[in-house]
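The following pair of complexes shares a single chain, chain A, combined with chain B in the former and chain C in the latter.
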Partner chain A sequence: MVSAALVVQSLVLGVLLGGLYALLAAGLTLYFGVMRVVMVAHSAFLIVAAYLAWYFHLRTGLDPLLSLPITVPLFFAAGVAMQRLLLARLHPATRTMMSVLLTFSVAVVIEGALGTLFTGSQRRIQLAYSGASLELLGARVAVVKLIAFALAAAAMLALYLVMTRSRFGQALRATIQHPEAARLVGIPTDRVVGYGFGLGLATAAIGGTALALDSTIYPSLHWRWIGPLMAIIVVGGLGSVLGTAIAAMVLGMAMSLLQIPLGTTWAQTVFYLALFATLAVRPQGFFGGRLAKRF
Partner chain B sequence: MQSGSESRRGRRLRLAAIAAGAGLVLAFPAGMADPYMLTVGIGILNYAVLATAWNFVGGFIGYISLGHGALAGLGAYATGLLVTAAGLPSFVALFVATAIVAAIAVPIGAAALRVRGASFVIVSIALVLILLLVFQSWASLTGGSVGLVVPRPFPALHRPEHHRVFFYLFAGLLAVALLVWWIIDRSRFGLGLKAIREDEDKSEALGIPTFKFKLAVFVVSAVFSALGGGLYALWFGDLDPVFQFSVLGGSTMVLMALLGGVRHLFGPLLGALVVGSALEYFKLEYGDTPLHLVATGLLLGVVVMVTPDGVLPALSSLSRRWFGPRQASIREVTAAALLDSRRRGADDPGDGR
Partner chain C sequence: MNAKYRIERGIAVAIAIAALGSAGCGRGRKSGAGDPILIGVSLPLTGDFSEPGKGIQRGYEAWAKLVNDGGGLLGRKVVLKFLDDQSNADRVVSDYEQLIGKDKVDLVFGPFSTRLVVPAARVAEEYGMLFVEPAGAAKQVFEQGFKNLFYAAPAVASEHYNYLAKYLLALPEATRPTTAAYAAMDDPFAKGTAYGLKARLEAGGVKTLVDEVYPPSTTDFSSIAAKIAASKADIVVGGSQYQDGVNLIVALQQLSYQPKLAAFSTAPTEAEFAKAIGNKAEGILAPTGYTPQLKFPSNVEFVRAYTAQFGGPPGEDEANGYTTGQVVAAAVKAAGCAAQGECQGKLVAWVRANQVDTVVGPLRWDDKGRPQGAHMIQQWVKGKIQVVLPENLKEADLIYPKPAW
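Entry: the complex of A and B
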């Protein structure tokens, strides 16, 4: 029989993984909210951030976390530019579908560029605390995983505060709820949408740095992330931050638990099975509202 | 009377063009002494079959699937496994495999077609990724990453003859796919499908059994994808999950169809010709370096940004403006384009509307 300690260990790891998924899914939800686009390149940017953190560490020898003050503004700007130059120019009526193709092409270009710049070999950051681990609820957890989770949690909290407490957050939420009404009350929706997009991409910068701490990275890694992330946002319901966060946690834990009997490869299928089960039972997702039904 | 003779002339011109195109295709193997060019030709025909198969879904109902590579991959693996594991004759295996894929496509389509737009695209991506996972991990059956070797159906033939035979087989399959697309395009069924493309809710309200129609055309599309994939397995003789179940492969089909024009019978074929040659050129130029990814991605991005409706419609509207009569009857306009032209208002006279 499987020992209780192993189950606890898996659960803790599942929560830690789920946190990272939740942060990234929040970014995807933000894009969808402000523009009704699905950003397939999100996980490719995640890998870019991980590579930047790795390269930063390689060049300066400093902690990769210190790359965040560079990558976060950079990604914010890249997000605004991408929204302005690419996605805003798509035909509004077919934007949702075409955005998938367009961002997919961005992801492919990024993968190719990373492969050209850094070659296809696997990279890993070696830190003084890479091998360290802590006892947590009777489970042994690597310190880097805890840092990654803390980073994700802090970013989620910051995002939440920006969305609820700041004037910009109010404008952003108004734009998500009803763009035309928001424009009528004087919100510069075009600019707000651009900034919202930048905010979404900034989550990828944070997530990527967290990823670089405890994973081996390579250019085609983004395919391993995009599938689970897409499954999470559909299961949670497109456009619902809370729904996707819950879906991320539940599926992250389910995968972690299923790794015990099935092994790492087959455990990944849980995301896709959940996706197809959701479509069969509740196509708009478990927490999706009116929005999700139409897209 | 004037317009009657005009349209008859147009039809005759079109028939002549099709005959000339078919003649060129059939003469291609004889004209090409270089076996390499022959394999390029087969590759392009294979792309054309798959892009046309994709266009049953993408063109008629407007659902963009990035997962059609998976259906072709399933066809390829089913054919290969039926030959190697079950010992069926090659072409029997091809048709049995197609039947199997059609049967699998029913539940897949039933699940995927419940959602529209972005969710559908996501599901189609997920389909590819899950199959890649399964076929890589289930190494005892599929050979995993080592690959699956499929014996050649005509062991007596030398390599150039083998290529020649398969060139004609692919050309025949393409002709059948185009014919079926053309028939559906002119049928009541096709009219229903196009109504779904323009406005699914309204067409459902008008009594079109939208779900049945969508599922039916999805299965037809799966059948041609599987035939294309299976024929590829028999021709190429070596299958690798990474190439059979790749989102990139599925996206090249979309790229071809979009580039040519999804509303046109020959759109995907034209797209396959352009993109297939381009991909082959990238392969020659950049070899196995990741730069071919960059080139493919840029190509897709440019097509999506610049000509989302395809090259053929742009060309035909140009030629209509220069040579054709001013038309007054109904013509196919997307609901999106209509909305857009209305929004732009009267200040834009449009293209001869």
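Entry: the complex of A and C
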């Protein structure tokens, strides 16, 4: 029989997993919000950040978290550059469709580059506290998972505050809601969109570092992330950061709990079943606003 | 008319085929007494299996060098012809077609991995060639009805843990484990090892509490570990390759699960294993078919020659490649021939009926080509991995129950 302790343990693991999914999906939904692009390469950048954290630890012996001050600005700049140099060049009428092709090719290039630089071998950061754990609500929680979750939660909070409290955030939301009107009131939407894109990619830097703390990484790992993330942003409602966070938590927990009766292989399908169900019942997503409906 | 045209075209095609055929024959080689013995091999030198593939290749090369330095086989030099199948099952078929049909090799050696051994063995079977293979331990290999196939290693995957099963079931009732948890990668070899032990322990009354199979791409083992930890099973068995085994052990450590015994295939035998799990490897067990320390006479010679040639001791893949060479060489010497045709039947009959002394010990086979030995069991004792079973080969005493990790 399934014990209560195992259910609690799985729930806690689900919350920790959901936190990481939420952060990563937030970036993905932000791209869609600001420019209606589907960013297939998001998870490839995630793996790049994980590799940078691993490499940083390997070379310096310092804690991989200390790589964040380097990777976050780097990824922000890369995001702005990618938006300016590549995505902004797509024709607005076909941008959503073409962005899939474009970012798909970027993902393949990144995967190939990682394979060339670091080979296809699986890598894992070995920390002094890798095997350490704490007792929490009757469940054992690995310290590394807790750190990853705290990192994701802090990044989400920062993203939320930027979006709601800063002038840039207001401009960004105005651009998401109605680009023409935003331009009419004097918002430089081109620049705002670029920074929005940079912000999205910065979440991948943080997520990648969190991922590297407690997971094996290899160049083609990103394909295993992009599917669930895409499903999460559709379930949450395209463009809605809050909806994405809730959907990520719910699906993360569902997957963790379903592993008890179904096993690892079948539990993964929960993301896709949720995706099908959402499209059939509520195509705009469960938390999506006007934006998703219009699309 | 159409019909007439068709006949004419048919004749033209027939002539063309005949011409090509005879041209092919013209190019084919005829081997005589003084010529070298040409041995054809297709190996995954690039792609998914390139690392073990290159290991096997080094084993084959070490064997060829040792044979040639000693005057060759039947007084003829041996020459290896390698083709790269890129880890691709279609390529491996055309490679062996080419080696046997066009290059007219005298003998063939097998490729690497179950997925490539089966299609390659089918080609060898069609041409009636003796097919000794260094990899492909999964039970599926021996269920295809092959008559010419022999696996050149001590035991098939499901028999790897036989010594351990015997040891555990012979323990006094007070200390004998009563419950077990299994987690295995969905891979014929990795799963085969864990399920072999599972079948034996279940038959001996050890209850299975967890039986998890995970896809090869799994990187997050926290849920599997949670199930195993919650079951509080006495022992944990992992049908692992490398990284999955490391990840599962770390996840189990994070949950403070302390089994009396932990056995994982492959992973613990790798040099960097202890460091990868935070130097808490003490007491972890693994089956192995080979260690350079084995005292069999031909192994002492092999390790010395290999180290001189490649600058380091051989691993299991290298040893399996070398073993393949030893088995074929023994058959060639006994049958007194190395050529396609009738000779191959004699070679097959000899291997089936005889025992061969190899670097992994004496080997003999059943009618399906399954070797009739068992793997040794190694354990991390005092910071290094040492043979603990069977008794006559052990380097250290088995520790049970294992210390906490």
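Basically, the second predicted complex is superposed on the first by the 294 of 295 C-alpha atoms of A that agree within 3 Å, B and C clash if a C-alpha of one lies under 4 Å from a C-alpha of the other, contacts with A are read in each partner's own complex, and residues count from 1 in each chain.
Following the convention adopted for this analysis, contacts are C-beta pairs under 8 Å (C-beta built on N, C-alpha and C of every residue); 3 or more make two chains touch, one makes a residue touch a chain.
These numbers were taken from a predicted model, which means no experiment stands behind them.
The superposition on chain A brings chain B alongside chain C with room for both.
Once chain A of one complex is fitted onto chain A of the other, the partner contacts of A:136 are absent, as it touches neither chain B nor chain C.
In the superposed model, A:74 lies in contact with neither chain B nor chain C. After overlaying the two complexes on the shared chain, residue contacts for A:17 are found with chain C alone; chain B is out of touch. Between chain B and chain C, an angle of 70 degrees opens at the CA centre of chain A in the superposed model, to the nearest 10.
Of the two partner chains, neither chain B nor chain C is touched by A:158.
When the two complexes are overlaid, the chain among chain B and chain C that reaches more residues of chain A is B.
Of the two partner chains, chain B and chain C are each touched by A:265. The minimum CA-CA separation between chain B and chain C in the overlaid arrangement is 5 Å, rounded to the whole angstrom.
When the two complexes are laid over each other on chain A, chain A has residues 265 in contact with both chain B and chain C. Within the complex, the chain B residues that touch chain A are 64, 66, 111-112, 114-119, 121-123, 125-126, 129-130, 133-134, 136-137, 247-248, 251, 254, 258, 289-301, 304-305, 308, 334-336, 339-340.
Listed in rising order, the residues of chain C touching chain A in the complex are 186, 212-215, 217-220, 222-224, 226-227, 229-230, 242-243, 246-247, 250-251, 253-256, 275-278, 280, 405. The residues of chain A lying in touch with chain C in their complex are 3, 5-6, 9-10, 13, 17, 122, 124, 126, 128, 130-133, 140, 142, 144-145, 215-217, 221, 224, 256, 259-260, 263-265, 267. Residues 32, 36-38, 40, 86, 89-94, 96-102, 104-109, 111-116, 120, 219, 223, 226-227, 230-231, 233-234, 238, 265-266, 268-269, 271-272, 275-276, 279-280, 283-284, 292, 294-295 of chain A touch chain B in their complex.
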